[in-house]
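Listed after this line are the structures, all set down as structure tokens.
Both complexes shown next keep chain A, but they swap its partner, so chain B is in the first and chain C is in the second.
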Partner chain A sequence: MLTTRRARTAHLLLFVFIGMIIASSIIGWVTNRTVTGVYEKVVADGLTTAPNPFAGVTPLYYLRNAVIYVVLIGSLMAIVLGVQATLRDRKAATTDLVLSRPVGSVSRLLGQLAGLGVVLAASIGISFFVSWVIISVINGAPLGWADTGRVIGFALLSWVLLTTFALLGMLTGLRSKQETTALLVPFVIWSAVAFVLPQIGTAARPVSLLNPVPAVSSTGGYFDIVSMVTGPVSMTEQFKTASSIILQDTAVTGNAAFSILILVGVLAVMMVIVAATPRSRMRSGLNE
Partner chain B sequence: MSSTWVIAQKELLDLRRDRLFAVLIAFLAVATLISVGVAAASFRTQLDAYNLYVQQLAASGSTTVPAAPQLFPLQLLRGGVEYLEILGALFAIVLGYGTVAKEKYRGTLQLLLSRPVGRFAIPAGKVLGLAVVWFIVVALLTVTTTVAILVIGNAPLQGIDIARILIAAVVAWLYLLFWSALAIGITALSHRLSTGLIVAIVVWLVFVLIIPQIGDTMDPDNQVPGGLFATLQIQKPDELKVLANFAVFDSIRNGLEVSSITKHFERLSFAFLGIKDKYNQQPLGLVWADMWGYAITLAAAILASVTFAVGFTTRRNLQRKIS
Partner chain C sequence: MTKSAIATDNLSKSYGSGVALDALSLAVGIGEVFGLLGHNGAGKTTTVNVLTTLLEPTRGNAEVAGHSVTADAMGVRAAIGYLPENVQFYDNLTLMENLRFFARLSGLRRPDQRIHDVLRILDFEGHDRQRVGTFSKGMRQRVGIAQAILHSPSVLFLDEPTSGLDPEGVRTLRETIVRLNAEFGMTIFMNTHLLSEVTKTCTSIGILRNGKLVHQDTLARTLADFPGEESLEEIYFRLESGHVS
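What follows is the complex of A and B.
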């Protein structure tokens, strides 16, 4: 935690993340007001008799864009924090010093992970608390217990996803021979998980995957079969699905349990893989 | 000029030996090919559904034949353009950063600076080297995707289609060069090498992902699946009349989008390839008449980026670096 506090570059990503999560509520509110204005104008001009598609949306609607900022900014921030945590020790050779004390390698790695977990929890906590306040102000009253519970659930799920990416960063920070490779490999994996895998299974275009709502599978023989394989491993899409259900987005229906289970399962697997890193690997220097 | 070319040749040699570079380009090529394959499979799925529907109509005794889905081969490239837009820019940043960082990591910086090279020879040579590398990469990707359209997409191409693909390839080359040059400048300015990479990635995040995403989010028509105006059954002329009352909001939204170089690249490529319906099957002259403004701004951005890289990659900035 202390070293993360001193890593000024990582702060840049932290500020962008917190700022965008907070801004997402305001952007959502401004857009909603404009769309309502458009609808009222259409009705006043006698162009439609259809009901307002936004009538009765929950206050949590304003938070829906936060889903995509967690996937885009939060994941990359977590990767950078994870890489820096392990790489810094290898560059400065502090692992040798730490492991000369009565500390096991598993304890050392899990301790680092706990520190990162606290940093991520603090970032998510601050940004979602401010969002809660903004939505309450927009709503004209504090969010009720049920909606607050949903915001907390969304925050917990965000923490699970970000911690998984932080573990990925830690892993490449421990395994790579060069700093550039350590940063780049998890970025490539993130790109594959966030863009390529969902596209193979759903035919969704890469840019449309920047939508907070998960991509819907194209119906047809090929896509039905492939999406059965790629769907569960498309972690970011699983996160979007679970978050949209938690935030009561009407565009997504179903049960969030399966998606949550997958996200928690991947987190557990990543923890085991990182914790199993041998001492010799932790102490190895960089090839640069 | 000769020392600039020598440094450019060195960059080419370094990148030819760099396994990471090979992995990145292979990943980009595979992602692009997958996007063509998936788009073709999606079209076949639509066609199968259409044929089934027509069969059912015929079986029920109906004589109505609905219009069949039509394949426009260049529209299969949409995913590939978007991959270049997002991942291509990210990889261009990594390559730009790498050209500066490797000199420090390998200890070759002092050797390079001890030679009688001109003030701008090192950065100009690095930019020139990357320009050649991106030219080769874009040429290979263009050939690969064109073959993929013919083989995987099973779609015939005309001479004009090849011309459109070549224009889009030039636009892609300039776009990638923009990001590499920007990364060289940012890395040269940063005191710590990793800071240069992370700052460049934050710039990428903001201009490639966040700003276009905000622009899309603020579009009233994107608020409802299938489109707000389609849901309300509003015709296009009425839609434009209604939106005229929200001109300030729309100007802010569009202003946000066009502040991103990525949108300029996307709009130019989509227009020339006919991916945007408005320009599909339209003569190139008509597309150019609408798009020349974007071409000018893209060219200006590249000029600024290269000037930034060459101007700030000074001997002093390079020597004060710590890894």
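What follows is the complex of A and C.
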């Protein structure tokens, strides 16, 4: 944990992640002020009687962009931290020192994961606490218990997603024969999960891509089967769905409980896969 | 007869069809400094890896400090210290942080006092707040010895401990090994290429050739058995090549 905390890459990614999450709140606040300013001028000119579009938004509105930043910046940060954690030991041969102690390989790997989990939890905790403060300032009062609970729920879900990607990084750091592959493989998997799989779901309904008017939803058939298969696998989509529902984004529909179940399930499976890494693999050198 | 700190019985290790260790049977008495000699690829590192439980033997068994490497690997690990060849540490951590980490892995709950004691033994005080990444090769090797003896092991394994050290570093390391053996009664098992160091530090030697033990005896008896040879180097080449009358 200490080595991860001291790593420069980790610092850089951490600052970018925290910065983006905080920027998310500030962007929301600026948007609100700009739109409200224009709205008030338009109302003063007597050009509209419609209500201010920001009048009914929840304070958590300002945190919605953070969902995307967690998926994009946070996941990459988690992958890099995960790869570094296991690859460093293989490169420096410190694995032999560790495994010659009365410590099992499972304990060692779970210990590394616990360290990463704490670092990720601290990053998320700092980011979301600062966001909470900013939103409270924008709101003119501290967020209520219910909204604070939702922010905590979103933070927990972010931790689940990022820890899963950290595990993916640990796994490729343990399994790859070259340093470049160790980083490249999880990035490819991440881009497939974050971009390709959701596109497959969308492309399965080509009309919705071409026609700006929402297509009448069809039930059954090939498209739905594809969607049923790719949907749960695309855990970033599950994260977006569950987080948006937690943050009371009414534009998003879905089953938050199902999405959370998928996310926690994938995390558990990844933990088992990483913990099952044999000692010989942990000790193996790199072909570089 | 001294009781064995290390005893192997037909210990073998294969990688696919390649035999790295072939029915190795040797015994190292308690309190000995044992030097395992052999060319590159003779099986020295494999022997140490099996004895430190990093590798499982394909056949046979070994006992280290009374614990079986196959049946009681955790017992072996608790009783030994190990310094691999060319090991690095966590460069962005200080000496103290590195040693704390390894001490806790060995079960020491409040290790700071013990760490200071070990650093004093190794004459390595005053560097505890320095990052290990800034250390010379010789200093790193002392960190390696320090982490290996933190938990007061009864057997210490050193794999090519003098590799890459300058003459000063070699001498310091030799003095450390002799001191650990003399003052703390530690049994020391080391792989080495430096025959001049073997004569200065080891009490007994073994010679491996292609995974087979071709010679094992005390250093004094080995030297006495070859009165015509000028040095251990000559004896080593005769034994290693199999040209022994």
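Brief remarks follow.
One rule holds in what follows: the second predicted complex is superposed on the first by the 250 of 288 C-alpha atoms of A that agree within 3 Å, B and C clash if a C-alpha of one lies under 4 Å from a C-alpha of the other, contacts with A are read in each partner's own complex, and residues count from 1 in each chain.
Simple rule for what comes next: a residue touches a chain if its C-beta (ideal position, glycine included) is under 8 Å from a C-beta of that chain, and two chains touch if they have at least 3 such contacts.
These numbers were taken from a predicted model, which means no experiment stands behind them.
By the touch criterion stated above, A:Leu76 is placed in contact with chain B alone, chain C being left untouched. Touch criterion met: A:Arg279 reaches chain C, while chain B stays clear of it.
In the superposed pair of complexes, A:Leu184 makes contact with chain B only, with no contact to chain C. Counting the residues of chain A that each partner touches, chain B and chain C differ, and the larger count belongs to B.
Using the contact criterion defined above for the overlaid structures, shared-chain residue A:Ala50 touches chain B, although it does not reach chain C. In the superposed pair of complexes, A:Gln199 makes contact with chain B only, with no contact to chain C. Of the two partner chains, chain B is the only one that A:Ile68 touches; chain C does not reach it. In the superposition on chain A, A:Asn255 contacts neither chain B nor chain C. Residue overlap on chain A between the chain B contacts of one complex and the chain C contacts of the other is empty. Chain C contributes residues 52-55, 74, 77-78, 80, 82, 84, 86-93, 97, 101-102, 105-107, 147 to its touches with chain A in the complex. Partner chain C is touched in their complex by these residues of chain A: 2-3, 6-7, 88, 91-94, 96-104, 279-280, 283. By the touch rule above, chain B contacts chain A in their complex via residues 20, 23-24, 27, 31, 34-35, 38-39, 41-42, 44-45, 48-49, 78-79, 82-83, 85-87, 90, 94, 97-98, 101, 105-106, 192-195, 197-199, 201-202, 205-206, 209-210, 212-214, 216-218, 220, 223-225, 228, 231-234, 238, 241-243, 245-246, 249, 266, 323. Residues 9-10, 12-13, 16, 20, 27-28, 30-32, 34-35, 37-39, 41-42, 45, 47-48, 50, 53-54, 65, 68-69, 72-73, 76, 80, 84, 178-181, 183-184, 187-188, 191-192, 195-196, 199-200, 203, 205-207, 210-211, 213, 218-223, 251, 288 of chain A are the ones that touch chain B when the two sit in their complex.
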